[in-house]
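Across the two complexes that follow, chain A remains constant while its partner is chain B and subsequently chain C.
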Partner chain A sequence: MPNTFVKIASITVGAGGAASIDFTNIPSTYTDLCLKLSTRTNNTGLRVRFNSDSGANYSWRRLLANGAGSFSDSNTTFGSPYNTFLYFSMQDTTSDTANTFSNGEMYVPNYTVSTQKSASLDSVAENNATTAYMAMQSGLWTGTAAITSIALTPDTGTSPSFAQYSTATLYGIKNS
Partner chain B sequence: MTTAIEVNCETGEVIERPLTADEIAANEAVAAQAEADRLAAQAEAETKAQAKADLLAKLGITAEEAKLLLA
Partner chain C sequence: MPSTYTPIATTTLGSAASSVTFSSISGAYTDLILIISARGTTSASSTSVYFTTNITGSNYSSTWLVGNGSAAASSRYSNLGQGYLGYIAGGTTASDSRGNIIAHFMNYSNTTTNKTVISRGNVAEAETAAYVSLIRGTSALTSITVGEGGGNNFVAGSTFTLYGIKGA
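== the complex of A and B ==
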């Protein structure tokens, strides 16, 4: 029977929040990875890096929409350093409805192959207003090593912060 | 916020540790770049607005009159 969606690890941010969430020593025994997020941060975007690679080895494109309209852009819209991470858009922030958390999922197929890795990311901000956003994103990391770590950091300056009760759960998927 | 959370997926061990000096420096660099980008965008917008105002003055028309011409 297929051994799908095995929980590898889960993190719940405690009192005081956290500047970053890192999954390390990810085993290579699955075919795909799936990261589920429920977050509230101090920026609408999260930076996602694999294997601590902070080089210009990432590209991404996203489609954004809210109650008023839609548009798309990519890492080239923003230039450097937005080519040094995948961008996980539309996290709930302190400007969204109090005590709400965004939902997000990142799926990385074939994360152990020795070629570049693709990823799909989707997310919705929970906000009781017409400007609640949703985002669908594609991403590419040119690293050829198996993914063994995933780091998440809010895209902000000196004080990136995940709010208490934000959660991140990493699943491994096997196709056999 | 100076705490990072790491979970070791092999052992399940969760570590909450202070940010390293390199990580703090990286965050400060991000903030500095963001501020520089903001200032550059602001300067560009101000330059464009001034150029527009100068052109209107040169033509001797108002912004509303310019809109009529372009409508």
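== the complex of A and C ==
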């Protein structure tokens, strides 16, 4: 029996942190992509860009819950530049409980097919405080080229960075 | 290491179709994962996707939590002849837009308990949602049909893949 959930690459952030996490030269030999994150940053969200596309080619909708209520917003709520990336929240930040890393998963079906690419994004940012967040998001990139690279950067900040020990692993899933 | 995400069957629609059926599903796995990347022809920004199985009758219930970009909401259906997995892109979206659904059928082959399904549906033009469904029936699931919930078609090029996951 084939085992088709295959690790493509895994990145662990070293001492001093990192401004971005980048997967490049993603092979087109799979059907779907799945990205698993364990991250801590200095901002509550990540910017996800495919193939270095920084144009206004992204849209997303988000469902949030924080222990007190549930909310929904979208890229249109925030305006530009939040249509130039998929916004992947929520992230544990340096303001949250020490040594706590958020986790998240992004699933992209049919990443090599010449249609727009839809994505499913889920994340949690647990925190030993009154408020902690979980988020479910839909995402769409209007690009029709095969996805060959994924760049993750923390959202705005003076020096956006991932904390040491943050990890990101990209898997490929084959349908045959 | 047990096999994960073993492909059982995949369908890419060569022409529009109102439903897709996976039949003669092996009982060799612990759970099933169904990945849908599709667009429906119902004239809306999104359209629902229903499912039925070899367990028939008004034995399906579904509860969902949805965010449409401005508000969160929850509702449910019960005692229906089909359950719901989520929403995909509808006929008013761009012709090459797609929505996706990731559905997990837990412990599908046991013959002792009712079956549960948890799923995520994503349409960036309309909403994001999580669904949980109950199928009241103790038969092993041997077939699954998914259909365009607006009563119309999935467009050509829509893909449906069923994977098996083994617990051991």
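Here is the rule we use: the second predicted complex is superposed on the first by the 173 of 176 C-alpha atoms of A that agree within 3 Å, B and C clash if a C-alpha of one lies under 4 Å from a C-alpha of the other, contacts with A are read in each partner's own complex, and residues count from 1 in each chain.
Simple rule for what comes next: a residue touches a chain if its C-beta (ideal position, glycine included) is under 8 Å from a C-beta of that chain, and two chains touch if they have at least 3 such contacts.
Being a predicted model, the structure only gives us computed values, none of them experimental.
Within the superposed three-chain model, A:11 lies in touch with chain B and out of touch with chain C [touch as defined at top]. In the superposed pair of complexes, A:74 makes contact with chain C only, with no contact to chain B. In the superposed model, A:146 makes contact with neither chain B nor chain C. Of the two partners chain B and chain C, more residues of chain A are touched by C. With both structures placed on the common chain, the touch criterion links A:134 to neither chain B nor chain C. In the superposition on chain A, contact of A:24 is made with chain B only, not with chain C.
Looking at the shared chain after the overlay, A:116 reaches chain C, while chain B stays out of its contact range.
In the superposed pair of complexes, A:56 makes contact with neither chain B nor chain C.
The residues of chain A lying in touch with chain C in their complex are 1-5, 31-32, 59-65, 70-74, 76-77, 107, 109-110, 113-120, 122, 136-140, 142, 144, 173-176.
Within the complex formed with chain A, the chain C residues making contact are 1, 3-7, 10, 35-37, 65-72, 89, 94, 96-100, 102, 120-130, 157, 159, 161, 163. The part of chain B that touches chain A in the complex is made up of residues 1-12, 14, 16, 19, 23-24, 26-28, 30-35.
Those residues of chain A lying in contact with chain B across their complex are 8-11, 13-14, 16-27, 54, 81, 155-161, 170.
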